[in-house]
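What follows is subunit A paired twice: with subunit B in the first complex and subunit C in the second.
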Partner chain A sequence: MTRVTPGIVVIALAIAAFLLAFLVVPVVTVVYTAFSNAEGGFTLAHLRAFAEISLMRESFANSLYVAAMTVLFASLLAVPLAYLTVRFRFRGAVVIHTLGVLPLIMPAFVGAAAMQLLFGRSGSLNLILNDAFGFTVPLMEGLNGVIFVETLHYFPFVLLNLAASLANIDTSMEEAGQNLGSSGVRLFRKIVFPLALPGYIAGASLVFIKVFDDLGTPLVLNVTNMLAPQAYLRVTSIGLEDPIGYVICVILVLFSIAAMGGSWWFVQRRDFAIQTRGGVSAPRRRLTPWQAVLAYGWISAVMLLVLSPHLGILLLSLSKVWSFTVFPEQFTLAHFATVFEDSTRMIWNTFLYCGLAALLDVVLGTAIAYLVLRTQLPGRQLLDHMVTVALAMPGLVLGIGYLRTFRGVDLPLIGPLTASWLIFVLAYAVRRLPFALRSCMAALSQVHVSLEEAAENLGASRWHTVMRVVVPLMMGGILAGFVTSFVTAAGEISETILLTSRESLAPMSYGIYLYMQSIAGRGPGAALGVIAVVLIGLGTWFSHRIVASRSPHDVPGEKT
Partner chain B sequence: MTPVAVELRNVALAFGATQVLRDITLSVAPGEFFALLGPSGSGKSTLLRLIAGFNRNQSGQVLIAGRDVSAIPPWRRDVGMVFQSYALWPHMTVAQNAAFGLEERKLPREEIRRRVAAVLELVELTGLEARRPGQLSGGQQQRVAIARTLAIEPQVLLLDEPLSNLDAKLRVQTRQELKKLQKRLNITTIFVTHDQEEAMTTCDRIAVMDQGVIQQVGTPMELFDHPVNRFVAQFVGSVNLFRGSFTRAAGTLRFSSPAIGEVALPAALEPPGAQGEIAFRPHAIRLTAGDPAAVEGEMRLTGTIEGEEFLGEFLRYEVQVAGARVVVDHAHARGEPSLPTGTPVTLSVAAEEIRFIAG
Partner chain C sequence: MSPSRIAFAAALLVPALALADTVTVVTSFPKELTAAYKKAYEAKHPGDKLEILNKNTAAGIAYVREQPAGSRPEVFWASAPDAFEVLASAKLLQKVDGGNPAIPDKVGSYPINDPDGLYKGQALAGYGIMWNTRYMAANKLPLPKEWADLAKPVYFSHVAISSPSRSGTTHLTVETILQGEGWMNGWAQLLAISGNSAAITERSFGVPDGVSNGQFGVGLVIDFFGLAAKNSGMPVDFVYPSVTAIVPANIALVAGAKSPDGGKRFIQFALSEEGQLLLLQKEISRLPVMPTIYGKAPAGYPNPFSGSIQAKVNFDSDLSESRYYVVVSLFDQMVTFRHKELAQATNAIWDAEKRLGGKASPQLEEARKLVFTPVVDDRQIADKALLALFKADKKDETASRQKAKVEEEWAAKAKANYARAVELANSAK
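Take a look at the complex of A and B:
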């Protein structure tokens, strides 16, 4: 632990000022606007007005319904997979890894258009079904489509969290249940699942929040009777003065906070503190032939579903015409040509915004991690808590907050802030800061303090110690944080739609969204989507490589 | 309930290419408190788990009350197991943990309530029904684990190192309570431990295991006094062991070994062959300073003191005899000083304290 010096105080205050200006104030502005009248006094009139509009009530119910159904279906997909891969001898790790990463490298809204072509009313599946059996399945009709697309996109959150939780259960817990006469589904329901509940709740609440707040997928599927699309439409069509949009934002924030807080409270309340003591972990069970058929069948089906948006977008990007046929009938590379002709600017913008945002994130993340873990600065935890709040902030809310808070702010060289490239960098950076910070904190806590003390003992000043010893040792975590921030920012759509004031400023994600608005644009949109997926996929692969090559036991002086 | 017998016939088990249990044949009498004793990796826990039904791809048979249960899954075996980690479910209270097996057996609610109260009283946990495992001490957790198992009134009770997670003092107290409880319930019990003192103090009979093989089965005293091989002799108590050859000439028996040289053995002894090992316990050696007169019928070794450890009740000397070290336990009398290093001493072992181990 280092003494608090003026330098440290200045750095801490600068970070706090940044968070205040670009996280706290915009959100408070949104809440304030929702509850203030023309004179600036407190009022519930806007809330009442919201409740009196039947479309708003319907949107509210729809958003809840879609989020809840997505959690349900995501659980139905994920729970058997998680149990299977953790408890049976099985090529589980590979499956979990692949299933876990595949959906995440493609933003949900990108695949949504392709899903229409595969599963829509006259999509591939229904054409086949109609030909063979004379019926169709309304998978993509209205809210169903949103639920379907979101389920395939977000179920890995449940899968990964639950699998981690299951793997941590001492097998003797399960065996004790069997020993006392329990087996099969009963055993799973009474012992295994309750013990894995913390992981499940963490995953499920994350899915709920993400779906409840999502703007891109409903918009691409042309579903507007949900909360987030309504907020967007109100703000963009009626204008920044319309209070209903802010009321919706407040509802989104409250639900996000409630879901996050609820899951935290739940995990805390349960007394899972009992530590296992040298329990012998039993070898994983072997699948009986029948179980193997079921298991591999299930996994193949899920894999096929999960891959369908990827395949769909690839087919779409290469198809000349794809309409009322199971597969495209003619292929072309013209869409990619169009994209490279018209949209190189967007690709460049994505690199610029996301690169700068990710850089900002790791600089802030490293500084905050150092302040929290290595100094005794009073109130240092507050920085950590402030950053964590950003987790619960929907992009839509932050976007609207920025537009409202910074309208009229004119910066030298940059011009009006809300119509500049800088606003993207700030918005992207703030919402990804929690992930970058976790990454940096984890990296720093692996560096033993004695390594720093050795440098100081040999005459290095604190600044030199940080730059020459701490940062190089944290580099794995910093790089992983950078890539995570970059990749998630590249696929961001909620903030992007709101903040794009003119096309020359638009990043790729906005381009995809814009192209997808028209039938003619679907091809180039898909091509741009393929480019984005390749970009994000490479980034994800790269960050896994970094994390793997910098595993903790390679770091000297690892904390015990 | 009448206690039942447990019988293992030619049980063998392999995990992949590793043979974990080899041709185990064993029979545990009804109501017996039986220990499986061995170092870690000896297969004792695996054997216990096999009796509980957790490793079912064994060859051979497991019989409980004369019935082959090899094909019966764990949840229908009626064999209660207390896990080393206790495996108490943290999401259930003490009472819910104890009631679990009874609920699985779909007993009437009133019956469950009565039996849970009875077992909790038996292990003296009445009043802690609403606690969660995380709120209990290690000793209390262990008793919940036992109560939960006894609640189902199992035919056989299996204990997997139940004392290993308790501190030393509590361990001694608990093993005495365990012994009393077992005698009172008169339930056939199999107890796995790596601690020979624990096994000897609590159990009626012990099977010593090493490398997946049962080395010897017997009462604690039989194992201590008549170990059948080097492993048992060394694992149960401490022992001095020397390999060599025996020659009998002109009414004398001589033992010659590379370690301790040529020694005259009491002529009355009957070695098992021309080659073998002699074994004698440290406490059975009489240690005298200097060179006292020989006593008829004793083995005599001479050497010098090389080191000592004072253990309170006795002094443990290391004595250099020819090329080997002999461990000698010498009872300590109050005020008696220890012999300094380098002191020449004579070691005498009575004929009846010398054991031969063939091979």
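Take a look at the complex of A and C:
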């Protein structure tokens, strides 16, 4: 720990000012607008108006229902998979890890369009079913469709968190249970699952928040009686003056914070500590033949489902005519040509916005990590907490907050802020900052402070030490943070739809949405979607490589 | 670099900058159309940059209204004439002189250009029915000719329509039916068609897209959606019913725009022969306002000037504008937000009809009346107070509360009617 210098204070204040301006103030503005009347006084009239509109009550109920059902179905998919990977010895583990990543690289609203063609009213599946058995399944109708699409997209959150949690359980607990005569489902229910609960709760609450706030998927599926689409419709068609839109935003924020806070509280409340940990990793059991059949069957079924949007979007991007047939009948590369002719600008915009946002994130993340872990600045934890709040901020709310707060702000060279490229960079950066910060914190905590002390003993200044010693040693974590920020921003749609004021400013995600809205345009939209998926997939693979290459024994600082 | 050289370089740069106008166009038209115009226009005026803002009509109006004078977009370009009336009455449009003398004043009896000169017709549009030929064959559905056909039981769950609150062209379709069939009959038809619908799509594109890929069998669409899909090789067909109107899609210069001269240049281009010819491209397939262009169109291209489209309805845009907000809200409260209940009630009625086999039944009659009667009747819609309430300023709190109350009453009544109708139809003997 080093002393506090004026330079440190200035940097801390600058970061605080940034967070205040682009996170706190916009959100406070939204809340203020929801609870103030024309004269600026406090009023509950808008909230009452909201409660009096039956459509709003219905939307609220629908959003809750969809979020809860998605958590349920995501758990049904993820829990068996997580248990399989951690407790059994078999070759499927790699497959399951792939399963955990594949859905996340495809933005949910892109997958939604493809899934309509596969599972919709006249989708491939229903055409086959109708031909063979004379009935169809309404998988994609109304709220069902939203639940289906979101489940496939978000179940990895439960899978990854739960698998990590299961891997940490000491097997002596299970053995103790077995010695006392418990086995099978009972053992899982009484011993294993409760011990893995923190991971499950963390994953499930994340799924809940994401689904509750999602705008793109319901819009693509023509479902409007949910909260996020209602807020969007009201703000775009009635205008920024409509108070009901803000009331919806407040509800979205409250639920997000409640879900996150609730999961945190739940984990804190109970003692999940396990005495021995580390060397005793669970011995993996062999699968009996019957178990193997079940396990591989389940994995293949899930794999098929998970891959279907990817396959669908690829087919769509290559199909000339795909209408009322199981598969497209004619193939073409023309859609990719259209995209490269018309929309290279959008691809470039995505690189520009997401690159700058990710850069901003790692710079801020590194600075905050340093302030929190390496200085004794009073109130430094506050920065960390402020960033964490951003995790619970729906993109829609931040977008509306920006439009409202920065309306009429004119910057030299850039022009009106809300109609400029800068607004995307800021919005993307603020919402991804928590991911980048976690990476940077983890990286910095693995750098031993003695290295910095050595540098300073040799006469290096603080700045010099940070730039020449700390940052190079943190580089793996910083890169991983950069890539995470970049790929999550590239697939973002909620705030993008709101903030796009001109087509030339639009990033790829908006382009996909726009193309999907035109008659002959599903093809180019899908082509752009394929490009986005490849881009995000490569980025994710790259960041996994970076993280994997930093195995614990070569953590710098411990070697010396 | 010496100061004089810098001055010279600056002098070279300045005129180039001054000439380069960015022309921002707010439009609800699909990307195929805007991309073609952008390419052609920028090739013709290399100094200008055309910037497209794709928004649905309602969002486009809200956007123009919220920009301060001086930084507004230059051009507003959309199908719905009412949208231009709304903008004109808010003094957001500016008169453009000139235009193309080869464009006539009227199509049928409908004026192509705004009599006050605030907006000009740029293309013509009719409304009609589009269907997926494979879907129709697979489900053994008869091919529809008139709106009334779609209100028949055989089309249950095969139709798609958008909502007028989200799509300006759907509003025109709805208003055309209301004007052509009369308020009560028109709603009866609209409610039955909506009850037969599988979905009320969020944007008007949702209908042709869903029909093209076979999600829906039949859809109510603006003509170019159907024609463009057909001409791009989709297995679809399109027909104009007799109760249709030919209405111009307009283009206008926004008052208080950043570079009005650039805006005028683009409008001039869109109205010129070159601009009109672009409309014939097969993925655009719109009807030009310049009659001579049809000479260059492929055989079988519909021509509103030659009488190849029978447009029975003389669209009254003043009437349409006066009740715009009521019609839009009424549709949402009775149909969009209550679609599930409406479809259930419609289904129950069709089931009962089939079960009774044409036998008269007071319960069934009552059920039909409950479902296919608008909650606002023809006397109420003429009420000036109601129309005024829906046009009131959104900042007027008492008015918005009052309006919300009225809407809530409609919603509650519609919901109760549909529920009662299901009971009646199920018990009909």
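A few remarks follow.
Rule of thumb we're sticking to: the second predicted complex is superposed on the first by the 546 of 560 C-alpha atoms of A that agree within 3 Å, B and C clash if a C-alpha of one lies under 4 Å from a C-alpha of the other, contacts with A are read in each partner's own complex, and residues count from 1 in each chain.
In the analysis below, contacts are C-beta pairs under 8 Å (C-beta built on N, C-alpha and C of every residue); 3 or more make two chains touch, one makes a residue touch a chain.
In this text, all values refer to a predicted model and were calculated from it rather than measured experimentally.
More residues of subunit A are touched by C (comparison of subunit B with subunit C). Contacts of A:183 after superposition: subunit B is touched, whereas subunit C is not reached. Using the contact criterion defined above for the overlaid structures, shared-chain residue A:288 touches neither subunit B nor subunit C, since it reaches no partner. Legend: residue contacts after superposition of the two complexes on their common chain; A:457 is shown touching neither subunit B nor subunit C.
Applying the stated contact rule after C-alpha superposition, one finds that A:117 touches subunit C and leaves subunit B untouched. Of all residues in subunit B, those touching subunit A in their complex are 15, 45, 49, 52-54, 73-77, 79-81, 83-91, 100-101, 104-105, 132-135, 148-149, 152, 164-165. By the touch rule above, subunit A contacts subunit C in their complex via residues 37-38, 45, 49, 52-55, 58, 116-117, 120-123, 142, 219, 222, 224-225, 229, 233, 236-242, 320-325, 342, 407-408, 416, 419, 501-504, 514-515, 517-522, 524. Those residues of subunit A lying in contact with subunit B across their complex are 170, 172-173, 175-183, 186-187, 190-191, 194-195, 197, 270-274, 276-280, 282-283. Of all residues in subunit C, those touching subunit A in their complex are 24, 30-32, 34-35, 49, 51-56, 58-59, 62-63, 65-66, 68, 71, 132, 134-135, 138, 165-166, 198-203, 205-206, 208-209, 212-216, 225, 228-229, 232-236, 283, 336-337, 340, 394-395, 397, 400-401, 404-405, 407-408, 411-412, 415.
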